[in-house]
Amino acid sequence: MNVTGYAGIELARLLAGHPGVELVSVTGRSSAGQRIGQVFPHMANLDLTIKSELDEVDLVFSALPHHESADQLIPFIEQGVSVIDVSADFRLKDPGLYDEWYGFKHPAPELLKTAVYGLPELHRAEIRQSRVIANPGCYPTASILALGPALKAGVVGGNVIVDAKSGVSGAGRSLKLSSHFCESDEDVCAYAIASHRHQPEIFQELAGVSGDITGVTFTPHLIPMTRGILATCYAKLNNNVSETDVTAIYHDFYRDEPFVSVVSEAPHTKHTSGTNMCLVYTKIDHRTGLLICIAAIDNLIKGAAGQAIQNMNLMLGLPEETGLPRLAQFP
Amino acid sequence: MNVTGYAGIELARLLAGHPGVELVSVTGRSSAGQRIGQVFPHMANLDLTIKSELDEVDLVFSALPHHESADQLIPFIEQGVSVIDVSADFRLKDPGLYDEWYGFKHPAPELLKTAVYGLPELHRAEIRQSRVIANPGCYPTASILALGPALKAGVVGGNVIVDAKSGVSGAGRSLKLSSHFCESDEDVCAYAIASHRHQPEIFQELAGVSGDITGVTFTPHLIPMTRGILATCYAKLNNNVSETDVTAIYHDFYRDEPFVSVVSEAPHTKHTSGTNMCLVYTKIDHRTGLLICIAAIDNLIKGAAGQAIQNMNLMLGLPEETGLPRLAQFP
Amino acid sequence: MNVTGYAGIELARLLAGHPGVELVSVTGRSSAGQRIGQVFPHMANLDLTIKSELDEVDLVFSALPHHESADQLIPFIEQGVSVIDVSADFRLKDPGLYDEWYGFKHPAPELLKTAVYGLPELHRAEIRQSRVIANPGCYPTASILALGPALKAGVVGGNVIVDAKSGVSGAGRSLKLSSHFCESDEDVCAYAIASHRHQPEIFQELAGVSGDITGVTFTPHLIPMTRGILATCYAKLNNNVSETDVTAIYHDFYRDEPFVSVVSEAPHTKHTSGTNMCLVYTKIDHRTGLLICIAAIDNLIKGAAGQAIQNMNLMLGLPEETGLPRLAQFP
Amino acid sequence: MNVTGYAGIELARLLAGHPGVELVSVTGRSSAGQRIGQVFPHMANLDLTIKSELDEVDLVFSALPHHESADQLIPFIEQGVSVIDVSADFRLKDPGLYDEWYGFKHPAPELLKTAVYGLPELHRAEIRQSRVIANPGCYPTASILALGPALKAGVVGGNVIVDAKSGVSGAGRSLKLSSHFCESDEDVCAYAIASHRHQPEIFQELAGVSGDITGVTFTPHLIPMTRGILATCYAKLNNNVSETDVTAIYHDFYRDEPFVSVVSEAPHTKHTSGTNMCLVYTKIDHRTGLLICIAAIDNLIKGAAGQAIQNMNLMLGLPEETGLPRLAQFP
């Protein structure tokens, strides 16, 4: 549902190349009746018409805006259709956070208990059993994968800082001055400082990993590039841990993960472009006793559409890697 | 052979995802002994070591620089191994043009007669039968696909102009001031005006399509983007032809082509990114009697690695589309 | 009038640093009442409030959209105030062209006869005497300066082709999908092919230089950069002219021009950034008998605000270079 | 001395437009004998030849690499010529830090005591009296201006974090893979994590402001833009301070500064482009008790050449703003 945004159309593209599913129906709010290639010329080779209502389906992805997504998905959930929600509407466990951060009263707070936060590296077993998946936000995906192993191992705690850098596609396809080429090109700026909606999501999941975390300061930045998120995270090391120890912790944590690589040099977002990979790197600043953890992803794939398909593969019992690139389009 | 450039590594990436072949061996001049992920971190998920010499193979791609490519390929050709040369060494039929434009005496002029210029849209049948394929240059691919149908139909003739715009990856991975970010970002310039090596290649192939062409003026430009070529071509309409006629000629010419689309709006290079597609568009300027033909490609795929694989598919009798994306990575 | 677009605010910035004038009043349609730094933070150091109506002034610049500009300027012209119109409303001599190309009936066709086309390199003497200056369009500035000397000298004629490349700022600050960062970044495309409004303007002025010109084919392209225009022009050499002859013609033509340099290497738009300079270069393609002339400008300065100030300097009898940078901000 | 890098040539450009000085002589290591426009076409309008040795001068700027800069400046200092060193060679007070961080033994450790760190906002009075100015590094300029007022006022302390983002021009004009357009475009990465040479410089100056600071974690990032640095800084608030208090502290601190603006929205580097301005912004994260301070500068101007001229103005008793733009080239 709703392929007319960047995450939605990327989902359509990846599903079109997925050998295990058939993309039977796409919807778009303002473009119903048009062929997909009229809205997105890069998809002209796909013979699909955008509809206003879904056909009968086995599984629904929603790339609708928050609030609207829950409203549209609830009937499907009640009919027993599996749903993967790319919006934020089922991510937070505490219904009150929707009032506080998103400004609406959640229409089905009881569903928040059963919905599973779709980060396979943390919740793979529950995802396999669930019918309602809350696909993680782009910034939380990078931040949680960067900090999770150190928190889990108990080597860091307290307040953590996430200084994140995102390409402009994260702000969507709708028109705003901050996405105008002439304003964002050759520029970098922070936004939504200490007030971004992904902050409670990052905190909820990291607090689920370890009770040692007490808070998250989250500062997103807009970078003059189209795709990619780099999350540079800072956490206080709470005892004498060596570089070798930390590296071992991360390699252990991600040993069997198909889409996370622990790398030995500071990662580049460009090396993830077009893939579902997350590249994770750690470094200790011995002078200040901080652990610096960095994660790089393609915000539209591991940060949205690709992770949704990874979740779908798990729900349907398909091999987890199916239809998901692991080699980047570079340069 | 030689994966250490941008075309070479793109070839390795596409071959790694190709279901009908096995990538058994890669070489690189200066990086022998390194794992492929050490030179190109975006390829770290591919477990291959770069060698100095090829193993025993059925088919060789060469992405070596010109002259060196011929020298290395000739022994393979003599042993009956099929070769696809991404360099320019087998593209020109007249050996004298190598002295004139490339500054070396061709080491095997007799092979130039049997080598096939690997543009499937013009030479599909010969490619299927050949053992030596000269993979077209990036600019010629776009220029010939833009102008070919009109010349073939006899509606244009005389001197043609190709004003082409290329992303910086066309200049390769080696270090030069003109590829320095700070010099090429926020800049556009022409280069090699009336003296670029792709001029004789474009002329040779278009003259093969129609004797009505008398010359090519070719002006390449460097654009601050990584991938993509747009060729804007101008040719004198030699009689009263309508927009409808021209459109019909192009649709007829490319009717069954899997990798050329005749589009109804001026094409964007970005809509070809990551694909083997060429988007072609035509428009008549009635005031001046010119036909304007525009083609957009991804210079590293349809303009290099993808077309090489398209040729390989034809040589090996595989379905032509195998392993070649048709939906772009966008945005 | 109307500083809320890119050309308007650049005019305000340059006037603020101009030693010979005082910027007394700025207007903006939707931002009246705001301080200039609220609309444009880069201008926060300038203490000016945007008004809805002009104060009493000696000279008015208008950066309003076409049609509206004429409507607003006519009263000032009637009161004898000098005006420099950055819009197109006084550029075309033939009133019928406004119906044909701009879709409105010109409100004061008699003024078109007395208004002077403000390209100092062609019309310096008239500009000095005039009260109504039509400031040239960005593409016409580059195109006319590139082709003018060769036409004047009679070495080229017939139909000419202008293949122009512009940064995104040329499309203005208003929001459109084609100016969205994610759509224009890493992309190049042609637009308004054989139908751009600058075509009749280029033709009018070049026809004024020489009756030998019979038509103009004009193809603008959008380039992923903020500022700059490169016009690559093609014209048939009508007799045996050498490279040396052409170079001499251009050097002669521009010998005393403070803002045109004839350069010996193909020019980069980046080398004009922030300046009022136009860099001009020529090259003969002997194979096809074409002259290739290239001009590079900063579209917002020599292509708009800077040229307007150059015209003002001439009208006010100030040294022509006053307040206009000649050294580029680079890189 | 040494105009062949980006900081050096920007210094030459600004000095050429400075009304109070005459640029008599420029040197460049590899380009001696060439006109300045041959090395930098954007400077072609300046009639200067690059020399191998300086003429007789009153004041020398050095934009040489570190170590070489000290070696070349020492003779001038000994002759009583005023010097402004854009390199790092006189910035650190402790000679041992040159061994540790720069890998060379300082040739004149006694001069480190008398050299003044040329950040006018901290050391204006000493700069006026000094003959040897160590012009601050680009990252330190932004970091110190962001954190200085809060430290001075005693509202923050402990370890601070500086997460900085720089355009590619900060890496210089020399050729490296990381400055290749195709590698840095559409990419963001961290580098020199916990090991960058600007770390001791930031710490030295901030420790001079307040003994409450115990350490600096400094993480620079490379951003796909040419100019600009954004420093996002995090410091623990050590008592109950309100947003209003902090804002007042910053406004007080910078009240009379011509080149620092305390802004009310998160600053954009683009709004400083071409100027000597530093834009500073603060925000409290009440959930975690952190102060977030952000500074934006043009790395080549306030971060290098412009600050050098600001220092020169102070040394020569000229008005401090002379020759230094305060309105940005935007967009």
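So that you can tell them apart, the chains are marked A, B, C and D in the order they are listed, and the count of residues begins at 1 in each.
In the analysis below, contacts are C-beta pairs under 8 Å (C-beta built on N, C-alpha and C of every residue); 3 or more make two chains touch, one makes a residue touch a chain.
Everything quoted here is computed from the prediction, not taken from an experiment.
> If we look at chain A and chain B, which chains touch each of them?
C, D
> Computing the C-alpha centre of each chain, which chain sits at the greatest distance from chain D?
B
> Between chain A and chain C, what is the separation of their C-alpha centroids in Å?
46
> Between chain B and chain C, what is the separation of their C-alpha centroids in Å?
Distance between chain centres: 37 Å.
> Considering chain D alone, which of its residues make contact with at least two other chains?
6, 169, 182, 185-186, 224-227, 267-268, 270, 273, 331
> Sort out for me which residues of chain B touch chain D in the complex.
Those residues of chain B that touch chain D are 6, 167-169, 173, 175-177, 179-182, 184-186, 224-226.
> Any idea which chain C residues touch chain B in the complex?
Within the complex, chain C touches chain B at residues 159, 161, 163, 165, 167, 182-183, 185-191, 193-194, 214-217, 219, 221, 223-228, 230, 232, 234, 266-270, 273, 283-290, 292, 294, 296, 331.
> What part of chain B is in contact with chain A in the complex they form?
So the residues of chain B touching chain A come out as 6, 9, 13, 16-17, 40-46, 169, 185-186, 226-227, 261, 263, 265, 267-268, 270-275, 277, 325-331.
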